[in-house]
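Single-structure report; data block below.
Think of it as A, B, C and D in the order they're written, each chain with its own count starting at 1.
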Amino acid sequence: MIELKHVTKIFKQGLGQTQIALDNVSFDIPQGTIMGIAGNSGCGKSTLARVMMGLIPPTSGSVLLDGKAVSSYSRKERSQSIQMIFQHPAQSFDPKMMFEHSLMEALKVSQRIDRDKFNAAIREMLSQVDLSETLLHRYPHEVSGGEAQRMAIARALLLKPKIMVMDEGTSMLDVSVQAKLFDVLTTAQKRTGMTMILISHDLEVISKTCQTLAVIYCGSVVEQGTTEQLLTRPKTAYVKKLVEEFAFFDI
Amino acid sequence: MHYDIQMADVTIEFALKSKRVSAVDQVNVTFKAGKITGVIGETGSGKSVLGMSILQLLPKQACISGTCFFGHKDLYALDAESMRKIRGQEIGLIVQNPNEALNPVRTIGRQLMEPLIKHFDVSRTEARKTVEAHLRCFGFEMPKKVMQQYTFQMSGGMNQRLIAIMGLICHPSWLIADEPTKGLDAILRRSIYDVFWEIRQHYTQSMIVITHDLFFAKKLCEQIVVMYQGEIVEIGEAKKVLTTPLHPYTKGLLMATPKAGMTPIPDHLNPSHESRCKFYSRCQFASAKCKVQFVELREIDPDTMVRCILYD
Amino acid sequence: MIHYFLKRVISLLPVWIGITIFAFFLGLVSPGDPVYLSLTRDGITEPSEAMVNAKRAELGLDLPYHIQYVNWINRVIRGDFGKSIYDNEEIKAEMLRRMPVTLKLAFSAFVITVVAGLGIGAVMAATRDTILDRFLRQLCTLMVSIPGFCMAIILIAIFSECFHLLPTSGMEGVKSFIMPSLVLSMGTIGTSARLSRSNFIGEISKQYVLVASAKGMSKSFIGTWHIFKNAMIPIITFFGLYFAGILGGSAVIESIFALPGMGSYVIDAIYNRDYFIIQAFVLLTGTIYVLSNLLIDMLYFLINPRMKQGDSL
Amino acid sequence: MKMKRMEAMPFMILGAIVLITILAPLLAPFDPEMIDMQNRLSAPTAAHILGTDSLGRDTFSRVLYGGRQSILLAFAATLISMGIGTAVGFVAGYYGGKADLLITGISNVFLGIPGVSIMVAFAGVLGPGMNSLLIAVTVNSWVGFSRIVRGEVMQLKHANFIEGMKSVGASDGWIFIRHVLPNLSDSLIILFATKVGSVVLSVASLSYLGLGLQPPAPDWAIMISDARPYFREHPLLMAAPGAAIITFVWSVHAIGDYMRDKLDVNKGANDAL
């Protein structure tokens, strides 16, 4: 269970100018559900993801993971409960290391599995994300975007997190590759029962994959509720406009 | 009189350090004047390479074979000087990311006047007046002020309209748009659609729109060309192709969209087989014949063609 | 504009103060106690304890360091660098006479570096990956690798001893500056040419170049009006470093070509352990460097439109 | 790392020169400092392959020994400044804020004083010789490294894979050693090669004027300076050490350029320093 209570984040930009990235954001996501966070570019989605991960401290308010503040967790404990997938697949891996080495390192650092089971765990995870083992000896720039992103998911799943955050995970990918990715993700989610938080500007992707939804505009939650309720009976003008934009291309 | 663009046996390969990578493979297509044709395909299908080859805007390493007739001129055979006269004057281009399409250290006004002065040899004041007219036509209230400013002072939407004007300022008969909706959020995607609608009303009907956004193409284009790994697999009337597709790949593409439930196209089941049909290894309707028989782009009816054994 | 100018002055001030502290530090660290030196100059070879203390008080050397520093700064700002230990000459007069020579040399070398660097860089970028490009790149690497004095000797052998075109040393008007400024700029030409090349090539792949050619503009038009100006902006920031390199190198070149500049003066000062001159040299070259940086920042401000629109750096 | 023959040349030359310099005592036919006034200024003979200088010392042996001091000094000084510069640069880049401001301020001051002036100053104050040069070079070149490292670390800090490693649970130290340093290595090698080259050059310039390395130990620059008056009759006396310096510095710079082209990354920052 992850709860955000009145989270605000203000970035200092020198010479006294400040930029409000998040403004009083509060919501909670019960364990095992899939929640979407929608908003156009520049509305603070990525900052929200990094605050939830505990990578950046909120200026005020708190992020609670199973009742305890994220900041009180050590990095290792945090890695065992929450993992993140980034927007640019090839950049989520060290360019100087082969995938096998990156995966091994993730296991070594998080100590979730003891050393002798590493190879078995990696092979098994690769079959789950439908990647061939020859990719293990490739460098991040030598594979397609879709394959790199699935490798990132494999690395995250190896650590058996309770929560998975996707920050625009598929916006760089083609439609068919995106479909493949979500197919892999949803099967993994059903198998492990983990919570998933999908952050994207694409309302259609979110409407098809998430049960609940929050729409963010300029750092604050404009509207929140079940996907079905928001898409058919949006209350605020902004969400109406957003839904109308996507519907425009449907007819 | 607007000419058609006819491309015959076009093959484009890139001579990289170690090996030659083929991007476009034996393409035959005719883009009809007065029609908006959408070229759809995923990354690596060769759609952008095909589009950019028309204006010879490919990097040096590209080697092009085949012909691309614009009226009676073969664009591939043109020397640099005569191709320069075509670019902007007869065929305009709208590029991908608007925020990086303008020179950041040169005022917008001067960049818009450049082609006018170069192609039509008009005086600066006259060029300035034409540019102001175009700016007003695209919804800029204070054209004079905008002409003094720079691209980094403009919003995404405004930059979109500026690059549209840039492509149209010399009233070209044809327009090529390369991935206009790539990486845009919903609002900017809608505003670029309005820009194209504006172009359609006031400037030219003959357009080639290269995109991977199926629904944008369905809404905007009349004709659709679907490409897969450098080959054209299906051509047809837009509404028909994107509601009742013929080729298995197009079907798979539509099924993979969020609206249709995101069922993925299977990955290469048996990639090792060298087969005539490039989609063989991912196709549910694959049969022994597909591997052996070479399939041509068969014409089903006047404006529908498909490359698949099922329709042979 | 003024806002940016003040901002640059404020940010360069600590640099200047740092240089003065470094110069002052040199004075302190230098061996040979100035008290005894001035005493011997007064003809007292075995000064008594009292005389030494009186002298020390007179010179103000008994005060705590920071006060000494402030006194020193007051004198220095008015140009009073003290007297040369060797020939008791007033350093300020000597420096004023010699500074124009060094400035002329450094400035002409700087101009050659910029012009040649950009020129060769542009040629290499335009003909990238051809034989000419590879040859010029090797030439740049070679130019950076030849020591100044070797190049000087070679040039002197060719132009002075064989063809008697240029004077080998001394001050005979413009002609005596040609070889020194060429040798002085040689090293920096290699570096600036390579940097310009990678910047030009970086711009060629940018989107606005594609748009410009799609508008039907000619290659040369795009080269001059679009690529050159964009590439110039990052290059200007390195002019300051080139100038520092040239300023430093001028000391050696002046000695080789016997030009009466500040450089040769300080090199002689080192032979004679004349620390005040060294102090004055470091201070003056540092000040020239800071002023030139300010000038280059203003040039950057004028060329880069992003600055004028109030986007702070 | 397969390289075309031409590209491998600088590495081979550098290797050869360093090897020769180390093995000089074994290779040199004569003791470089043995004065033999009888056949002074002799032309190349079977015994003295490159002839002898004004004091009858064998030029060939002196050229073999000539690089020892300046090359050793260049490598040592550049290594030290690389160490200091990388540490300082990392702190400024990774933690930013006040530390960054302070370090940038200080490094601007060091940049403010042109390199040779520092060397000239230290040579004057501490007396010419090896140690004053070592200090002067280190004081002058650590800034170059810290600026580059700071710039790169700032970029790396926001790279997804660093955030990825943090979310996987890696500590800052682990990230620095396993990820930051390897990714910095390319730029550091380029800068190290360029710096060694420029240090050898500036030391040679000073030695030529008699302010750098001191005779009687054989040094290329001093040899050239001594050979100046005999230049017309005995060009070899100057050509041999000159060629040695140019070859060494060229090979080091060529390695730097090769690494930069291979990296093919438009890092303007590390070209100029």
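To be clear about the criterion, a contact is a pair of C-beta atoms (placed from the backbone, for glycine too) under 8 Å apart; a residue touches a chain by one contact, two chains touch by 3 or more.
The structure presented is a predicted model; accordingly, all values stated were derived computationally and were not measured.
Colleague: Touching subunit B and subunit D alike: which chains?
Modeller: Chains that touch both subunit B and subunit D, as defined above, are A, C.
Colleague: With contacts counted as defined, which of the two, B-C or C-D, has more C-beta pairs across the interface?
Modeller: C-D
Colleague: Using mean CA coordinates as chain centres, what's the subunit B-subunit C distance in Å?
Modeller: Computed from C-alpha means, the inter-chain centre distance equals 53 Å.
Colleague: Need the CA-centroid distance for the pair subunit C / subunit D, whole Å please.
Modeller: So the centroids are 21 Å from each other.
Colleague: Centre to centre, by mean C-alpha position, how many angstrom separate subunit A and subunit D?
Modeller: 48
Colleague: Measure off the straight-line distance from the CA centroid of subunit A to the CA centroid of subunit B, and report it in whole Å.
Modeller: Using C-alpha averages as centres, the distance is 33 Å.
Colleague: Please classify the inter-chain touch graph. Allowed labels: line, ring, star, complete, other.
Modeller: Graph shape here is a ring: one loop, exactly two partners per chain.
Colleague: Between which chains is there touch?
Modeller: The complete list of chain pairs in contact reads A-B, A-D, B-C, C-D.
Colleague: In their shared complex, at which residues does subunit D touch subunit C?
Modeller: 105-106, 108-118, 120-121, 123-128, 197-198, 201-202, 204-206, 208-211, 221, 224-225, 228, 231-232, 238, 242, 245-246, 249-250, 252-254, 257, 266, 268, 271-273
Colleague: Given the complex with subunit D, which residues does subunit A contribute to the contact?
Modeller: Checking each residue of subunit A against subunit D gives 50, 53, 55, 75-76, 78-80, 82-84, 86-88, 91-96, 105-106, 109-110, 152, 155, 159.
Colleague: Touching subunit D in the complex: which residues of subunit C?
Modeller: Where subunit C meets subunit D, its residues are 11, 14-16, 18-19, 22, 26, 29-31, 137-138, 141-142, 144-150, 153, 157, 161, 187, 191-192, 194-195, 198-199, 201-202, 234-235, 238, 241-242, 244-245, 247-249, 251-252, 255-256, 266-267, 269-271, 273, 275, 278, 281-282, 285-286, 289-290, 293.
Colleague: Can you list the subunit D residues touching subunit A in their complex?
Modeller: 159-161, 163-171, 174, 178-179, 182-183
Colleague: Report the residues of subunit B in contact with subunit A in the complex, numbered from low to high.
Modeller: Touch list, subunit B to subunit A: 42-43, 183, 185-187, 189-190, 193, 212, 214-216, 218-219, 252-253, 255-259, 261-265, 267.
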